[in-house]
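Just below sit the structures, each encoded as structure tokens.
Look for chain A in each of the two complexes below; its partner is chain B in the first and chain C in the second.
For the complex of A and B:
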């Protein structure tokens, strides 16, 4: 809310409704971001785990190289020293295996801290949402009571 | 109508800002990685479907330039968003005033009838 702060006790039902919808949107956004971060994290885990297979013992062994998600060709593992990593925006860097593992570990830690940062924000939004909904109920009930009073008199 | 138009513009501006932010973030991460690189490590750049070897310093420069550019764009967009917010507020006020006037004239018409 831009401008000065307004306590939710002073807002009317329509404003409260609007606020609750806005909070819903924000919660959804944060949840989406979190699940996206988790998806990326599992990708990093997979990449790091597949590095465990690239050891000198496996040099020269036959592998199936995926050309598309449903077609593979035969290949031989010729280089067990270095891998190419996509670091984003079209840049790739060549790294020895231990450093590559280090890279993935770092990325995973980075993502974990990002997810941890989102958690309290999400909690906060939930709390706000609850407060708004409760206030809305109180207001609506008060309105109904007032209407009944008018109808009686 | 004016109010809705400026709202659309505002939304558009917000989403571009978000995109710029994401790009800045990604480039920042790439820069971090490039800075961590050892001397002599090979850097490739994806150009269309091919990977082209690129000089480390050149890559660093390019990324830095991008970051500078995106930051500038971000600043511009922040200003724009602020302007649009102001405009929206004034539209909203106008709308409220008009609605108020309308209601008053209705009440007047009702009492007269």
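For the complex of A and C:
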């Protein structure tokens, strides 16, 4: 097994149990992070798609402007050239629409690469866990067999 | 001969008379119908449905499901007009929420109050809170439902305990929801006030609104006195600024009131759970040393005092035979 100092064949069942639990936790953690990244990615996709609606044709069109989460007012779309992007930690940047689209595209690609980096790690952990569980089963069976032997003799 | 001629004349008269013609016509009609239906029925020998349809037309049954049997009373007038009846039903159902809402008085007492003073709580198994006024242990045990057995009481207490836990969970969710609602309503009210001030000036308001999670777009809002409020359940209504302000203020009051009530109820539930938990704990300790007597508790202090007294009594009774 790569990265292990002691081959798992030498570990006792309790150790193996512990190890499998630990690997379980790590797998869960990686899966959680991956799903979170995916969520953020869909948000960026949404923002980029909604940008497509702000085209010069729609300038001055009537819209219902949300002022709060439960209040809307009649208004007109005023600026179809620039939009505000929230880049985190309370910073907003004004960009023209093509550049904003570029920004979202870049962010999405960054996220995709990160997710892809996580994939092999997840798979490796999964394989390790499988091997550990197998070894554990073998050990347990060996123990049972040994006990039966002792009982017989 | 003359008879026959008279008969002939009569016959001729009869022939020409209307009745005769009518009878003749009816006879022909009947024969035609008979032939037609016999023909049709023989055609549909294997098609039962069509045969049945034919029979129905033959017999003349009208399966008029749309006919309204009893007249409805609308505006003090009896009517069978389906349009009017339908309209009245529509009116009733669409106005239902509003009429019920206005008739419902807002409960300004928490459920704890109702629990204590409603007639049925004494006998209600669901919510039988530990009555703080009960002092006498023996009498409590003697009550038939307790059946002088500590086991049943303990089981019942555990049931109550889980019910209280469940209620606590519900109340906590309610509390967090309300807590998030109240600042929302406050910001909405502020904006409405701001719009009211702007209404009289003529220049439009520039704003950036949130189009998506990290995207904001500029828009102009001309001065208007109409706002649309999202009431929830896919319902959005347009209001004047004053009406909107009144509605939001009322919602805010209601939310704050509910929050207070929920806090009160949570406090009550916490008291009860502590009481029950302390009973169970002490009972499990005392179980082996004290035969089936269960203590009705008001709070931990009383339990402890009782326990102390009992120990003193036990030690003194041990000492007296010795001394």
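Heads up, the rule we're going with is that the second predicted complex is superposed on the first by the 144 of 153 C-alpha atoms of A that agree within 3 Å, B and C clash if a C-alpha of one lies under 4 Å from a C-alpha of the other, contacts with A are read in each partner's own complex, and residues count from 1 in each chain.
Heads up, the rule we're going with is that a residue touches a chain if its C-beta (ideal position, glycine included) is under 8 Å from a C-beta of that chain, and two chains touch if they have at least 3 such contacts.
All values derive from a computational prediction rather than experimental measurement.
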### Task
Applying the touch criterion given at the start, work out whether A:54 contacts chain B, chain C, both or neither, answering first, second, both or neither.
second
### Query
Of chain B and chain C, which one touches more of chain A's residues?
C
### Message
Is A:35 touching anything from chain B or chain C once the two structures are fitted on A? First, second, both or neither.
### Response
neither
### Message
Under the stated touch criterion, which partner chain does A:84 make contact with: chain B (first), chain C (second), both, or neither?
### Response
both
### Task
Classify the contacts of A:18 with the two partner chains as first (chain B alone), second (chain C alone), both, or neither.
neither
### Message
For A:137, using the defined touch cut-off, is the partner it touches chain B, chain C, both, or neither? Pick first, second, both or neither.
### Response
neither
### Task
Answer with first, second, both or neither: which of chain B and chain C does A:74 touch in the superposed model?
second
### Query
Given the touch rule stated above, what does A:147 touch, chain B (first), chain C (second), both, or neither?
neither
### Query
First (chain B), second (chain C), both or neither: which does A:95 touch?
first
### On chain A, the residue positions that both chain B and chain C contact, one per complex
84, 87, 92
### Task
Provide the residue numbers of chain B that touch chain A in the complex, in ascending order.
26-27, 29-30, 33-34, 37, 41-47, 51, 59, 63, 66, 85, 89
### Message
Going by the contact rule set out above, which residues of chain A touch chain C in the complex?
### Response
43-44, 46-47, 50-51, 54, 63-79, 82-87, 92, 100
### Contacting residues of chain A [partner chain B, same complex]
2, 84, 87-95, 103
### Task
Would you pull the chain C residues touching chain A in the complex into a rising list?
184-185, 187-188, 191-192, 195, 206-222, 224, 226-231, 236, 244
